[in-house]
């Protein structure tokens, strides 16, 4: 399926090197004034050439074809169109009969019996440009309800940012090329990327995400738990290999007495917890604390050095590096994680009937 | 929502201490002979009192009310009924006005304005008995297509089983109380549980799961990627805090050159990969290799020692330990993880139109 | 699929002569006190033996297994169970190898390769007992919002009740055996049934339905228009062959100048229309006027006289009349139409986020 | 919602006078060669100015932006784009503060608190151009399986075409301006339209539709019965007020003995029925006979003479006729009914896992 969500939905179409990327965003609440500059800003943060270690530069201008009247949403679906302006189909002819390792070439062929070879076709992360656009719309709706979503790079390769979700300076995220709010860690991440690139190699990493301002009571209690919806959202992003929220995998090694989030009250007398091991969710439903999560990305599968592979006949071939490819997409994935979190959160609010 | 899946669906109802747990399993292929002993075996593996560190013993006999003719499925929905035979509502009266820490008491109250206090109501892991039953049905269908699902405990507290997904001896899983196929690790896990229990404390852990025999071409390519469906399935399980597949979070620290799964051919000339960092999935679609995943569980939130909390008025209260509670539910979660993997896999096969 | 609805859903299971009928009603708003007598009353109106021309009498007692606390809904799913107490499997052995004309015997066999022969199995109208129960719950929720649903017989065989949707005396509906609010028409309908029964023949008819009190703004504008959801609901009822709303098929022969619903204002200054050719819906969305519709039912397909048919081998056979069968199910269908309208209306209100 | 279907889905966006109409068709089987001329032909049959009594002429050129490789489908979603080339927003300024009778002006305002005034915005039948395009794709897939769909006008105003579904000459449908295969009836329909237009009035009518070649076993047995899916499809078309299949409303007046479809065998020894009162469906599942249905359309709600209405303040206003409007859209609706039947049929085949 190419649709995500229940009441706020994103349906996308488009291959990497096709005519255009198209999306339909449905369920957008009426009466939201869309800030097109803000939308463009989000798009720029995911754009190729962004940050460090990126390649193909393309403006990714999004046309909004419907659902607006004088830039205010009217409740009808919003169609998004990104024309592909930088398509060079010739680049990929050498892959026509080859299955690249750790790419989706073989699996698409197995599923459909046919595939778009160029640029990975539908499996390319080009598709995520539409998610960022839809997420930018969702964020603008969420802002009306006091909900904000932030994401940042917390690990690239073996370089991690110290500390947890608390005290992150959101304003510092976009002050460096890797979108890490810790300046020192950012410097080390950049060095890690430069080292990998020099070796013709690639890197993965981890993106952290925090949803602030979500009131208690959002999320479904059994299936489609808030964390399940978020996990589905994140694991649908290209190259994502892991999802955790709150204490996550580290929680497996904790004792119950360490992990309990004690109740207290804030200055307004509202319940909140002293710690947030629960990641803002209990029993699938938000508890009013920040919703915290991390998404792990594998290293980019296209190396800038020769790679062994097989062709359609199962014969060994060597793929020589062509063109230029990202060494590490984690900084660009920051915008995608943020967008998917925003889309999911708006959907969950609508499902709860609490818009 | 209380329904999981697209074409093979599980809809459940029932509170922990209500009259009964009820489920409707829809989309079961016709013509499958149901082995009721096998179903009972799966139920027993999740049953309270199973393994070590468990409490309330209840037979959990599942009645199959429809969808069968002489124990053969006829394509119509199968209703499952588990009457609650061991209900002691008196146990929970002290919690009527209290929100326990790290439980769903407060969030249900916030969402619905009312809640079933007894045993956590709908938030109780009692619901997972129905998942195990449905999973047992799914596994019997999958067996017809040569697909099998296995799960086992790989970590309890700080004790991990060494090694990865390869070479696991499925036959050894149920030879010890913690359902860990590594006998030495199992011994240490049991000691870990005994130590925690002696302290009135609780433990979490990690369950590994492997789907064998799944042909290439199963899974949706963008949203509802196979890993996204599995993540949603696993993160809907009580206490689950993390999901990863293939190389998972460890992949974030790998270089691309380490992570690539090189192609080779098996004895029958079929493509397979030398390593399986991809966890059997590329671009959301199965590639014919085993599908591998891990699910992290937080420690049990009910301690066997006094715990501070708040009441409905936000006033501090102390909850004294009542009754007996599981110290570690990870062994029981093995059956639930396995069941959810089976349910998801059958759904994905049906969605691919490849039944 | 065996689930109806989007946010308020009904999932059912059970064959005519199986152990039990089971349903799970999900999405019921929390805080509704359930009147069990009212539920029993609705069940009685659909029960076999009801009205005239009916057969098998069965109490159809519905157990509510979950989702309630002291008979107040708590937002969790409500499981419904009707144990089959009057099952006589022997009655149907003569049909094991036969496809009855205008029944679903052949189509189930074609779809599943296997079928429950007894009583039509899953294709039996027994399933509608669960719809009536779910509808009774929905009606109690709707009543909290001032919405009421009524249905009545407007035609049996060639006997029609005169007049349209206006001025129907709801209080008169249940004063006769055919549930027609026009006493004179009811008498003639009863005579029509007696005549058909004497001939061993059967009858169909038409049920009218009116939703009162629905505010403007409910319904989706393009797909899942309110009339599309209602049409899907009604055409899922056994033996239903036609659906129309507002002016319906008669509108095809009207001129635009006759069909326009002129605007006016009511005593409170609210907009309403002078006529209601639109049936309370414009562009898929309610306009605040009563929502009016009609559902046509074909005659019962089981005659009380010998019928020619074929067996599994395509050979001609004659089916002799067995047991006793309803001559006309239209009066019993009144409760089903009403229930499906209530279920759909509650779902549409929830989808509109206006609960 | 703006999505139709389950596995073969159509999601649409776009207001009548917005920048463009956009659709995403998902679930299209891979390996179908798309005939663009055939697509253009279907579009032409719905185009404004088609047949008699139509207005705004617009080419409605559909761009296919994705999902194809050398005009062969690759299993990925197909985005459709129709740029609006003939938009005159000035035409509608007089309606800004007015609710037209029997239009969706008021209901959109009630639902969203805001609306696109021009040309009815999202409520305009412009949206159906996308359905016809998607239907043309579906028909090309169905043709691969020997399934064909035909539709034609059977009634305009008070003029009906005699006869039933049998013996219709599909080749004669497009030989006249009203798309009625009966030449004599077509002449009388044209006269009826000319008469209504001369009076500044409008007409409705009925479209018949037949699905040939559908094998037995397609359709869901309880909810989403094949007739329920078709009813939902048809009742989602602008101005549709009634749906019936097989014997339809007429069946309500038939006796069971008349209505039974006796079994026989065809020349190949396959089961078929002598009559087809069941409309090719029994118990929600196709029986191998032609699936037959009728859809009633109300007369066009925009008259070419002054009409009384109210403004946003509830004050009476008179709407003078502006521009030119269709007197009868039934001939254009033929293409839409056909398309929706094709879309639904392909979806049902995929749901049955029988592609």
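What to note about this one:
Which chain is which? They are A, B, C and D, in the order written, and residues in each are numbered from 1.
The rule we apply is simple: a contact is a pair of C-beta atoms (placed from the backbone, for glycine too) under 8 Å apart; a residue touches a chain by one contact, two chains touch by 3 or more.
Just so we're clear, the structure is a prediction, and the values are computed from it rather than from any experiment.
When the interfaces A-C and A-B are ranked by how many C-beta pairs touch across them, A-B comes first. When each chain is reduced to the average of its Cα atoms, D sits farthest from chain B.
Chain geometry summary: the mean Cα position of chain A and that of chain B are 26 Å apart. We define each chain's centre as the mean of its Cα atoms; on that basis chain A and chain D are separated by 39 Å. Chain A and chain C, compared by their mean Cα positions, are separated by 46 Å.
The set of chain A residues that touch two or more partner chains comprises 1-3, 12, 76, 108, 111, 122, 221, 351. Within the complex formed with chain D, the chain A residues making contact are 1-3, 9, 11-15, 18-24, 26-27, 30-31, 63, 65-67, 69, 72, 74-79, 81, 108, 111-116, 121-122. Of all residues in chain B, those touching chain A in their complex are 1-4, 12, 99, 101-104, 106-108, 110-111, 122-123, 127, 155, 157-158, 196, 199, 201-206, 215-225, 227-236, 238, 240-249, 251-265, 269, 271, 273, 277-279, 281-288, 296-303, 305, 307-310, 314, 351-352.
Within the complex formed with chain B, the chain D residues making contact are 7, 76, 221, 350-351, 353, 355.
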